[in-house]
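Structures are listed in the sections that come next.
Okay, so chain A shows up in both of these, paired with chain B first and chain C after.
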Partner chain A sequence: MMRCAIVGYGFLGRALVKSLRESYGGRVKVTCIANSRGTLFKEGGVDLNQLPAELSEAVGFREVSPIDYLDKRWVDVLVELTPTNVIDGRPGIDYIRAAMRAGLDVVTANKGPLALAFDELMREAEDKGVLLRYEATVGGGIPVFTLHRYYLKSDKLISIRGILNGTSNYILTRMHFEGMPMDLALEEARMLGIAERDSKLDTEGIDTAIKSVILANSLLQAKKRLSDVKITGINSITLDAIHAAKEMGMTIKLMGLVEDGKISVEPRLIRLNHPLCVHGTLNAIDIIAENLGSLTLIGHGAGKSTVTALLSDLNDIARLKYID
Partner chain B sequence: MMRCAIVGYGFLGRALVKSLRESYGGRVKVTCIANSRGTLFKEGGVDLNQLPAELSEAVGFREVSPIDYLDKRWVDVLVELTPTNVIDGRPGIDYIRAAMRAGLDVVTANKGPLALAFDELMREAEDKGVLLRYEATVGGGIPVFTLHRYYLKSDKLISIRGILNGTSNYILTRMHFEGMPMDLALEEARMLGIAERDSKLDTEGIDTAIKSVILANSLLQAKKRLSDVKITGINSITLDAIHAAKEMGMTIKLMGLVEDGKISVEPRLIRLNHPLCVHGTLNAIDIIAENLGSLTLIGHGAGKSTVTALLSDLNDIARLKYID
Partner chain C sequence: MRFKVTVGLPDRPGTLLRTLEQIALNGGNIISIIHNRERITGGYVPVNIQVDFPDQECLERSKVSIESLGIPVLGTETLEKRVETVLILGPSQVGRVVDTFNSLGLKIVGVSVSGLPSSPCLKVVMELPIQGRKTLLDRLEGAVSSLGGLLIREED
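Let's turn to the complex of A and B:
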């Protein structure tokens, strides 16, 4: 029995709780759930079936930080799901570090801490003898880190290319297929809940850069930071440019590129029948390795599919640490 | 140090030996290599750098079966690479069973034994406490079984669809893009070494059916046999039909389908911009799961990429059994 603390209780936290309730009754116990307003802690395990829609309405909810509960007496694994912050990684990075110092394993869906301090966090995990898993951080429903751990290490990786941002891919897709101007496509994406109100991180390529840094550091030991990435977003792409690409059987996609020890984010021409050329909000990651040649993974970048990544990370920890 | 016997020494055996020579010097020792003519056995390990182009010219090669060497005194893992036989699975199935009876773990690239006796072989492996790994059997460079073991088990699988046969996909691709008649495309595939002289297993859908049975049994515990599959090949697909599909932004692909407890192989209409719609000799597998939605894997179905699958299976066995 593995005891979890879930810190961050938005869409993903709720979706995870739903899956844990349905499928993991006997194997995972949630002793702590926290959001930005406070913490619900039950030493014997929170009854996930009795959880109200608003966490703060749960009996026992207190307006305190979860940090004191990240303790081996009550918790084995922190599931860290707070919002991404690419300036200083807070509050996620503080929770992750506190948990690892206390000897807890960590599963996170939070890109910020990993983009800012990948090597430091991995070293801290190793020093403490704990596991830090982050399958959900890049291409939520694309198991690229699991594949690396259990498959790609049997080959020599050469390069990684990815369409990693759903919002900008949705916009480019509408421009290509419907000839819709960029600002209208962005407005539509906002109305559909695909884009945030502030979508600059998406359209300016920052989100793609964050994910490319995590990919490069994890798969190619690149020891890079966000500031090492040359970033060009999609704002200067015109309908004319996309139309010209279309005439050649191609289109333009925003790509994260890791090759020759460099990371860049830029709009690139790509053949429409190339495996990496996915549309709508889909994400795709193409890995080139020496024996393998090209392996392309296509899936959803966000939403419920990310739950599979979190559960898989939890199961990986259970397999490695709690063999019964 | 893991001691391997390689049985079957064609293209794949040679490519594996090349990779073992270059990258696995200290961790894997090959004590036995055999082809259909005989066996080279060296208790201290075959010097892979001194291996002549023709195995039978190696010093120590003897015209005997490798079966007596599949013994724990000299070998830990059998790497079984003999040609596929879908009638009775021989000789591969005999080597696999002999090895497992002797307590050896097994890695195989051979579809025949698994398509004919998946459940029996898995049960025999479990009874003997050995591992039987087969990542190379379906979509050589697509790690679908590894993904299942280490990721997809965290979700509930609903269906599997795959473009699993390079030869028929090459033919359909040439028909679609060049308007080439099927017999010419097949002739071209033969000249390029993509198709065998006898390509009936490919064009009649048998190869796709074999792979679909292995996928269904492995990922969905379907307990099916080749005789349970409804199979339609590509022979009746006309240029007119493909042209009509093209007019609608679609094409026709030969697919293996596992859904609702049934396995079928048939030509299907598919949108050209669907992730599963890959061209040339590429293979693709699309998995639908409850939380994940759709995850598509695209890679090479054969050739050198299969070496990564074999090495990954060997590494998986090493990780699970020979932790040092």
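Let's turn to the complex of A and C:
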């Protein structure tokens, strides 16, 4: 049985535990769960049915770093779910590196480490003979990396473009359909839990840029960093601009664009009947390949759908390494 | 790529045939020929020839070949254009924005302005050659940005 450590116990960690408990029982054993305050470790496996709402109230919870438990004696796979940090990738990048050094496979939903050091991390994984999976980092439940790994690898990819940030898409959607000013739409998004209190990553296009870098590096072997991206967010989009677009049967969407060896994030005019023109918090990714042509994937870019991506990565690792 | 080539043909038998031969030898596929007999000037009949060439270089070679026969090429024009709309947000100097389009050789079909004078929204409808469209849009974006504005272009 594959043994997991879950590091990061926020919304996503809890949703993953719930799925493991309800529909995945028996195939994965969770030996370690950690949050920012400490670690719960049970060599024989944490009883997921007995977990209190607050992890720190669990019997055996200790105020220690999980890093000492990332050891092949107790764990096979690290599921790394700490918050994204685009400055230095910490603490996620430290956990990922420690796990790989210890010979553990890694599944992560954390964009920071991959946006900052994609090539280095992939090389380290290869050197150690471990798998690093990151389906949950872009597009939530949209299986873009799995699709590439198992279906598109033999085709030559030309470009990628997409609506990759649900919060900015929600704001632009409300501006388009309800004529709502941006600040109100943002406030509404905060109230609904769609936007973070500090929504700069979303509205300034940084989150879209991070995801574009991961897509470019993973699918096009672009060797790009966040600093290579030309970023324009949605802060200067006015209702007048939305109205002008609407008069032409179009709207404005924040797009991540990977083409001709360049990555950019910018608002674009897009026809309302364009396959990429999705609304609300939906994400859409369009891959253009030499033989396949254009392939558009649409799905929820955040929330519970991301658990599907985590489980898919865990399944993939189990299939490749732990099931005879 | 489709081009319009305007030649000034002396009104003598065989000159059109020789012109067309040069176009065909350089990979051109003739689409249509229009004689402007009502516009004869200096003994020449302006003739508009619409032709598909594989690229701009073939057009240039044809031009040289035709002129080597003593037949003047009065003009060439790229015909494959598309009408495209961009939004420009921010810069209050509308005149300078229009100048930017002109300096890049972009033909403006229509302009409308909305919003506050301090943060106007310009909707500009323009004609863009299909060949080199992306480069032109990039240059336009850079020029608009240097005026403190944001250009929002149309996604294909």
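Keep this in mind: the second predicted complex is superposed on the first by the 324 of 324 C-alpha atoms of A that agree within 3 Å, B and C clash if a C-alpha of one lies under 4 Å from a C-alpha of the other, contacts with A are read in each partner's own complex, and residues count from 1 in each chain.
We take it that a residue touches a chain if its C-beta (ideal position, glycine included) is under 8 Å from a C-beta of that chain, and two chains touch if they have at least 3 such contacts.
In this text, all values refer to a predicted model and were calculated from it rather than measured experimentally.
Of the two partner chains, neither chain B nor chain C is touched by A:Arg37. Touch criterion not met for A:Lys200: it reaches neither chain B nor chain C.
In the superposition on chain A, A:Asn273 contacts chain B only, with no contact to chain C. Among chain B and chain C, the chain that touches a larger number of residues in chain A is B.
When the two complexes are overlaid on their common chain A, residue A:Asn315 makes contact with chain B while staying clear of chain C. Contacts of A:Ile237 after superposition on the shared chain: chain C is touched, whereas chain B is not. Partner chain C is touched in their complex by these residues of chain A: 161, 232, 236-238, 240-241, 243-245, 248, 250, 252-253, 255, 266-271, 274, 276.
For chain C in complex with chain A, the residues that touch the partner chain are 85-87, 89-90, 112, 114-115, 119-121, 123, 150, 152-155. Looking at the complex, you find that chain B touches chain A at residues 15, 19, 23, 135, 141-143, 146-147, 149-156, 272-273, 275, 277-279, 282, 284, 289, 291-300, 303-305, 307-308, 311-312, 314-316.
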